[in-house]
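Just below sit the structures, each encoded as structure tokens.
Each of the next two complexes has subunit A plus one other chain: subunit B in the first, subunit C in the second.
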Partner chain A sequence: MSKPYLRPIPFTWWNKNNAYRIFMLREISSVFVALFVLELLCFVLVASKSPENFDKYVEALKSPGWIVFHVVVLGFSLLHSITWFNLTPKVLVVRKGEEKLPDALIAGAHYLAWIVVSIVIWMII
Partner chain B sequence: MSRSQSGLLVSVNTEADPINKTDVVSEEKLTLEVFRYHPEKDSEPYFQTYEVPFREDWVVLDALNWLKDNEDGTLTYRWSCCMGVCGSCGMMVNGTPKLTCAAFLRDYHPEPIRVEPLENFPVERDLVVDMDSFMEKLQSIKPWILRKDSEEKPLSEGEYKQSPAELATYKQFSMCINCMLCYAACPVAGLEPEFVGPAAIALGMRYNLDSRDQGYEERQEIIASHEAIWQCTFVGECTTVCPKNVDPAGAIQQAKVASTIDWYKSWLMPWGQK
Partner chain C sequence: MAKSNEPIVWSLFSAGGVVAAFVVPIHVVMLGIALPLGWIALDYQSLVTLVQNPLSKVYLFVLISLVLFHWAHRFRFTLVDLGLKKLEMLISIVCYVSAVVGTGYSAYALWTM
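Here is the complex of A and B:
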């Protein structure tokens, strides 16, 4: 009777190739997006109480620690958005007869919506 | 040659000699590091290094065949058609799942090539993996057309017709050759052995999208379960390594969308459920 050999999976499996590494970065990016959402909620709660609080909070955000945090969050947010938008054609398949709409059109529509929403929010602020 | 349980040819002896020494005129050599494991004598696998002739038109499978015929008749591996159709010669080539009949030596030369059995499967012997778990998962998804008995029309009424547009919805997923490269590329398949996996789910989608099929609900018991689509974290490597452009990652995500819509419908329109 043969005994099939089970190869162990190393703890560092995620470092095997670039695709796995990018996947892990995409997964980790959600942690930074969540941290930013928490920080934004804190800002709304604290700053909405008085104009002084608002000024103090904004002043505190100018410290090097917060600037580094926001640069890191921005990087991960971009990675998160871009990697997910690039995957949308796999999820959203729109067919017209025998042909499906090109991947670039599906992903492009998401990028366009992203830009439009960002501009609208920027104009409101 | 012998025929395994799955019906595939497994090279286990030296009788066949399709490529013999005299065919090889090139003096140039290439190093092949081959995963070896013979359960009757080895407690652990090891790598054995061979020198094989380098030829521009040779694939890794040609090199393995040359080795078996000329150097080491005990080398064991699966192969059959040698033209990317049977799906039996899948192996890890320098860490990437490949059909060895389509992996040209010239793409690696002059660097050494490391050949291993497909990852995420138990190894039976040398480069041969145990594919029983895959076969069970594949069968569980019922990859054939299911019809409700009450709606089956008599043979005299002819075939169930399908338009080119209806065919196009599932054709891509029907190209799967069960080579299992997608399982070897999927980290979830390795970490979660109960994961139904890319090829089986893609084949489930192939039949769910077929206008002649009526087995959607029956298959959903498996496809929409925790062990199937919800285990997938969308690494996407299954699609990258697929030699037939089946796009199992896409199939799984589309199944997630369909299952989510079903779930919302069951809450919003409970009277619509059976």
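Here is the complex of A and C:
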């Protein structure tokens, strides 16, 4: 059997329109989110070793380069959260009798929970 | 029907996506912005108390592991979408093995600290 023909797709296909660009940024967000959790682990392991380590680590975080990096990471992680919660009505279909609960209610509940979770974490730390 | 590992990696991807969506932004704000700019007062002793709590360790382990599997699955398809379809098997192995190694290391490091 001969192989089905696959039309060649240029490497830059994702740069054709905004929907594709946002899709690609969303996919790339996983890289930044993963790098960040590794950084969090690194912070916990290194800074909890001694008071000197802690001070050095916090001092390093104050450098403009790291602040800019973290603002970029924050941007990607917000893109992840927003695109994820906006998809929840598609995945989680809640029916009430014949009626389907409105998408805005499902996504809204997730946004609300997101805010609550963030406040709780802030208060614990 | 052919056996497939897709449901496992997809579930881990999905779980990681949920966890990341809920908690990663606030952690980025706190560690990367609020702490260096002095908006929060975290000192050495309170960090030690916090991270020596077994619940914190379990929390960190679950967060790190699931996010790594989330990355592995999504990055695999990103590379395939960018035209590396021919290398899909190799890419999948490298991605998932990285997530497994990261999971193992974080378990070990958090357990022994």
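Just so we're on the same page, the second predicted complex is superposed on the first by the 118 of 125 C-alpha atoms of A that agree within 3 Å, B and C clash if a C-alpha of one lies under 4 Å from a C-alpha of the other, contacts with A are read in each partner's own complex, and residues count from 1 in each chain.
Criterion: a contact is a pair of C-beta atoms (placed from the backbone, for glycine too) under 8 Å apart; a residue touches a chain by one contact, two chains touch by 3 or more.
Note that this is a predicted model, so its numbers are computed, not measured.
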Touching partner for A:V94 - first (subunit B), second (subunit C), both, neither: neither
Partner chain in contact with A:I9 - subunit B first, subunit C second, else both or neither: both
Contacts of A:A104 with subunit B and subunit C, given as first, second, both or neither: neither
Contacts of A:N17 with subunit B and subunit C, given as first, second, both or neither: first
Partner chain in contact with A:E27 - subunit B first, subunit C second, else both or neither: both
Which superposed partner A:L112 touches (first subunit B, second subunit C, both, neither): neither
First, second, both or neither for A:F69, with subunit B first and subunit C second: second
Partner chain(s) touched by A:S77 [first = subunit B, second = subunit C, both, neither]: second
Per-residue touch tally on subunit A - higher for subunit B or for subunit C: C
Touched partner set for A:V44, first subunit B, second subunit C, both or neither: second
On subunit A, positions contacted by subunit B and by subunit C: 9, 14, 27
Interface residues, subunit B side, partner subunit A - complex: 37, 39-40, 44-45, 95-96, 119, 122-125, 129-130, 164-165, 167-169, 187, 190-191, 233-237, 239-240, 247, 249-250, 253-254, 256-257
Touch list for subunit A against partner subunit B, complex: 2-7, 9, 13-14, 16-17, 19-20, 23, 27, 87, 90-93, 95, 97-100
Complex contacts: residues of subunit C adjacent to subunit A: 17-18, 20-33, 35-37, 40, 42-44, 47-48, 50-52, 60, 63-64, 67-68, 70-71, 74-75, 77-78, 81-83, 102, 106, 109-110, 113
Subunit C contact footprint on subunit A (complex, rising order): 9, 11, 14, 24, 27-28, 30-31, 33-34, 36-41, 43-45, 47-48, 50-51, 54-55, 58, 61-62, 66-67, 69-71, 73-74, 77-78, 80-81, 84-85, 110, 113-114, 117-118, 121-122, 124-125
